[in-house]
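Please find the structures below.
Next, two complexes with chain A in common: one pairs it with chain B, the other with chain C.
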Partner chain A sequence: MAYVIKRICNSLLILFITISFVFIAGRLIGDPALNMLGSGASDLAINNLREAAGLNDPLFVQYVRYIGGILTGDFGVSYRYGYSVLPSENLSEIAQPVLDIVLERIPATFALAGAALSVAVPLGIFMGVTAAANPRSAADRIVTVLSLAGVSVVQFWLGLMLIVLFAVQLGWLPTGGYGGFSYVILPALTLAARPIGRIAQVTRSAVIQELSKPYIVTARAKGVPEFKVVYVHALKNASIPIVTMIGDELSALLTGAILVEKVFAWPGVGLLIIDSLSRSDLPLIQASIAVVAALVVTVNLLVDFSYRLLNPSIRLGHTGA
Partner chain B sequence: MSDATTPELDDIKDARDVNITKLDYARAILKDKVTLVAVLFLAALVIFTAGANFLAPHPPTGLNFLDSLLPPLSRGANGEFYLLGTDELGRDMFSRLIYGARVSVSVGVIGALVSGIVGVFTGLTAGYKGGLYEDIVMRLVDGMLSLPSLLVALFVLFVLGGGFVNLILVFSILHWMVFARLSRGLALEARSSTYVKAAKALGATDMRIIFYHILPNVIPPILVLLTLEIATLILSEASLSFLGFGVQPPDPSWGLMIADGREHIRSAWWLVAFPGIAIFLTALSLNLVANWLRAVTDPVQRWRWFAKG
Partner chain C sequence: MSSEPLIQIDRLNVEFPSKLGPVAAVKNVSFDIAPGEILCIVGESGSGKSVSSSAIMQLTKFSGGRVASGTIRFRSRNDGVIDLKNADEKTMRSIRGNEIGMIFQEPMSALNPNFTIGWQMAETLQIHRGQTRAQADARSLELLKLVRITEPEKRLTQYPFELSGGMLQRVVIAMALACEPDLLIADEPTTALDVTVQAEILGLIDTLRRETGAAVLFITHDMAVVAQMADRVVVMYQGEKVEEGPVRQILEAPQHAYTKVLLDAVPRLGEMRGKAAPEAMRVMGDDTDAKAESIHPSTKPILTVENLVKRFPIFGGFARKVVANVHAIEDISFTIHEKETLSLVGESGSGKSVTGRNILRLEQPTSGKVIFDGTDVLAQSPKDMRDLRRHMQMIFQDPYGSLNPQKRLLDQVAEPIHNFKLEKGSAIEDRVAGLFDRVRLPRDFMRRYPSELSGGQRQRVAIARALAVNPKFIVADEAVSALDVSVQAQVLNLMMELQADLGISYLFISHDMAVVERVSHRVAVMFMGRIVEIGTRQQIFENPQHNYTKTLLAAVPTLNPDIDIRDRTTLATKIPSPIHLAGYAPPKLVYQEVSEGHSVLINDLQ
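Up next, the complex of A and B:
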């Protein structure tokens, strides 16, 4: 239990440092008021914002105010989200809370990551087990090559190639955007390539290791069907490294989605981050990075805990650094 | 690479007794055709990267609007041959790929080396010394590893601006932890070994033990990780450059070439396809070589590679 608390505190500290770092580094890129309103804003509007948002206060005061706001769920407002030019000089009219904007994008990213994972997990495990059950066979070689290919390919390039093939040449699927089931197929497959490879590799080596153990010999001697020996006996005991890898890949999916969303114009958090960076929309950048970092840190924490729960031979805190 | 059957104890003993020379490594590589192809590809890549000025058939920035967007294997208006076609400005794709390799490969190699040196130094010292220092280092490692590195890299490059040097800086800051974690584990293991105890008894200083006695013994796994990290960084460079936060034009990098080609993806697939294939083959070769290195430097597995006959 002490270990759990220690890890949670550690994660909170890391998040706090990240948010502080983003706040301070964000001030290095120029006048925050100008960044918040865009280069098209009038001097009057910029001065008004400076006054209203307290940007003339010392940096430390602003920082404390910012952190205080976050603790109450207030990440600030964006004046530029959704507009290419500033639509009005009346700032309070166009202010949108950035946290709402980010949270609105979360479901699309989760849907994409979930779709990718629901392809990658069964396929990766199936490939890994098949290879492990027939070592040095043609199937084993094919799986090895495919899984290496999956981790060696650049995701966004794979996405572009899939678009060329299935959307442009064959016209079967849309090139991008957000809509029904047909829209999720290509981005999900793109995002799944890497986890399929990683999961297949880990499953293969874990199952091979299990298959060499005495209890497998016993099961075979008792006449248990080979299918059951591999899929029930060996796979079950090989599950710890596989689950760990799936968790690792889940957090990689959340950030990998940045590129895939960009390629397929998928309106998730990743696309929001790219857009807000390219517009230098500071409050939105800060909030979206904070939310994604919190998500990834949480996933990593849960994976760490589940790993320890699954494996009774690792006592909590024993191997922790 | 690995196999379900474990070698007999005698075999292991024999393999350890055999004095393995460089020639044996060469022989082992020749035996494994897939790795051989990967090594040859990487060698060709290095040669082309180093000799780009002589080996590229066309200048990478030579504009020639008469020959714009020619498909692969076509001839230009003046009879020049374009192996991989041309881009919208009539620049030869093959030459640009060669010059792009320069940027992409050197970002990967330098980034991995710098983060490797930082990580191995902190990891070995932390594992060997232990105590509060180790605690602080490993907490930092755990914390930084739990952050989404691509996102942090994006933001830092957004603040600092893209470019070659900043990319390497960002990669070093965000990738030393994997080396630190591995080295710390290796140092922990070595700390209780007889040879370290012997060196200590002879009065060797901590630094001497760490870098003169422990380091040479832990090189193989670090080398494997280094190879894998080069592949990872080449992929990351491509991603960041694609998003516009990495290498800046007119420097040709593979990721940037894909980004540029995207506009013409409907009509000129080769602009996007070839840089991606170049990245893919490079990363795949590095992964294959890493797998091979892991197998031949593993004392339990390597008997298979050096078995005579």
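Up next, the complex of A and C:
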């Protein structure tokens, strides 16, 4: 239990540092109000925005206010979201809380990441185990080639090819956008290619290593069917590197789906980050990065805790000898 | 005992593929086993003894092997006599773990680390008997009681890493017996275990054989184990059966030259009785090694160890404070004289290796004093320590791990010469060549890489490397434990010859009582980090005083087949924990001098 508390404290510290770093970086790249409005904006508009956003206060005061706000769930407001040209007055009327904007995008991001992983995990593990159980066979070679292809394929190209084939030529699926189940298939498949390849590679090498261990001979000598030898005895022991890889890939899906969201016009957090960057919408950038960082830190935390479930010697605090 | 054999192996050939075509691992081997009989297959590494047994179970195919020809006729319960060579996978699965049970060499790795003992035992019963988990657990409990394990109920819910090696081997045996097999294959079941645990396990297998009537195929490299266990013996050498016969005939009137070599190479406990100095071993076909003269140490001390203590801290809590200490060695004192061999003997965890490492300051001792040739070792600066190491070298247990696989042997042996700038230019190579002559390796080996050498040859290289700087003192940590007996004899003879010629002193660390008896001038017996008894070899082996020394000596298997192994199996002592809370100070050890130079610990661990 002490371990769990310690890890959670660590994670919160990492989150705090990330948030602080983004805050400082946002102020280092120039005047936020000028960046947001562009060089053509009038002095009045810039001054009004500074006033409304509290940018005239000393940096330290802004920082304390920002951190204090986050602690109470207030990440600040955006004046630019949904507006291409900013009015110079009555800014408070168009202000929108950035956290709401980000949270609105979360279900789309989760749906896409979840769909991609629910394809990638079983398929990647199945491919890896099949290859490991029959080393140097035709199946092993096919898996090796396919997983390498999955890892190295350029995502937006794969996405475009899938659109050309399934949406344009065959007309089975929509080309993009957000809606029912049919909308998620192509972006999820595009995103799944890399995790499938990497999970297959890691599973293959971990299971091969486990299959060479003496306890596998014991299992075979007990008369355990080969399927169970591989999928129960070996895979359970190979699970730690596999779960670590799945966690890595999930983090990547939550942060790095940007290109694929763009190709399929999928309204996830990735797309939001791009849009807010292009508008220099500092409060929105800060909030999206904070939320994504929180998700990544949570995934890592869960992966760490899963080790304790997967390995009894870690769970029971045994250090060997 | 029925005259009909349970299993008949006829002209078995097993091959493994290689780049140069198939390599025969087992060549035309035939033997059979009667019900209730113990057949021992004895041989050194590479003799094909393990491959033969895994061929019976059709397990060779998983490691790439192939049964090329021959028959394995097994009298199955349901199907009558079948040839296991041609049996399909389904038939094999019904035989494995059911009609034939198997026990393995390393109990520590033979069980799946991720499942409980109960789960793994139940698996066998669920597969072959279709039992529910509850039924299987009940049967597992019976089996654990059968193998006489302590607290059997608790074991079912434990994981393998929570049990000691001896307990795990009992679990593996219980698992193999789950379905009352007619044949039990035991592949080096005690090689990885301490000698007192070995005695218990051997006794257990023998008892179970009598109780269950199962036949046993027992594979070992150890002739003394053969003498204790076998009804009949098959001797294998390089894939072939060279001799077969009843145990007494093999031990007392061996016919084949290799059997004689194997028997001669085994140091026999007690054969040095009445002799004051170590003696070289008989090595067949290599009379040059066998120096008859014995080595007499001087009275000048080379190394004095006083009250050496090493504790490993255990950290805990948020602040990572020292909460407890592992008391690895406690109050160790002894002296080694010039040209003398002092052996540290004890079982795993007794602290003998820790002692060796702390003397050389490879680890920093917690307290104590080490005086080497008049110099206080622990007071040296790092630079002075480096110079001092020239005179103190070490040989390690694993000749596979202690040589760098990427470097030529010449460069590895030359490295200490470079480091201490002892020679320059071509003189270095000349010196290495001399060292290769010294350890009897051909000079053309200097250009080779470790992978091209056998284990014994590698250990010679390791010795040459230790000798490169002309040390006065060598710590040999289980230096021959990983070697086959015939090779072990040669390496031991080499070490004794070097001592005679160069006057080297050895701290010889070993778990093998018979080897220790052969090579030592004086012996210190270690238990729980303490020296429980120290004296000359004759004092320790001919007049042991401490209970633990007696236990250790009694547990060593001997070549005498008349000794009933089951008489020696009541030795199990509960070992106290070496972990104590921070601040704990153990009682000052008190030794009683039995006779001159022979001391025994009297106030602790009795």
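Just so we're on the same page, the second predicted complex is superposed on the first by the 275 of 321 C-alpha atoms of A that agree within 3 Å, B and C clash if a C-alpha of one lies under 4 Å from a C-alpha of the other, contacts with A are read in each partner's own complex, and residues count from 1 in each chain.
The rule is short, and it goes like this: contacts are C-beta pairs under 8 Å (C-beta built on N, C-alpha and C of every residue); 3 or more make two chains touch, one makes a residue touch a chain.
Bear in mind that the values here come from a model prediction, so they are computed numbers and not experimental data.
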- Regarding the shared-chain residue A:Q62, is it in contact with chain B (first), chain C (second), both, or neither? neither
- Task: Kindly classify A:N134 by the partners it touches after superposition: chain B alone (first), chain C alone (second), both, or neither?
- Result: neither
- Message: Looking at A:H233, would you say it contacts chain B, chain C, both, or neither? Reply first, second, both or neither.
- Response: second
- Message: Taking the superposition on A as described, I'd like to know which of chain B and chain C A:R220 touches: first, second, both or neither.
- Response: second
- With the two structures laid over each other on chain A, which partner does A:A2 touch: chain B (first), chain C (second), both, or neither? second
- Of chain B and chain C, which one touches more residues of chain A? B
- Task: Would you please give the residues of chain A that touch chain B in one complex and also touch chain C in the other complex?
- Result: none
- Query: chain A touches which residues of chain C in the complex?
  - Reply: 54, 57, 59, 62, 89, 92-98, 101-102, 104-106, 109-116, 123-124, 127-128, 159, 161-162, 172, 175-176, 317-318
- Footprint of chain A on chain B - complex, ascending: 2-6, 134-135, 138-139, 141-152, 154-156, 158-159, 184, 231, 235, 238-239, 242-245, 255, 258, 262, 265-266, 269, 272-273, 275-276, 279-280, 283-284, 286-288, 291
- Can you name the residues of chain A that touch chain C in the complex? 2, 6, 213-215, 217-226, 233, 236-237, 310-313, 316, 318, 320
- Using the touch definition up top, name the residues of chain A that touch chain B in the complex. 10-11, 13-14, 17-18, 22, 25-26, 28-29, 135-136, 148-149, 151-158, 160-161, 163-164, 168, 205, 208, 211-212, 251, 254-256, 258-259, 262, 273-274, 277-278, 285, 289, 292-293, 296-297, 300-301, 321
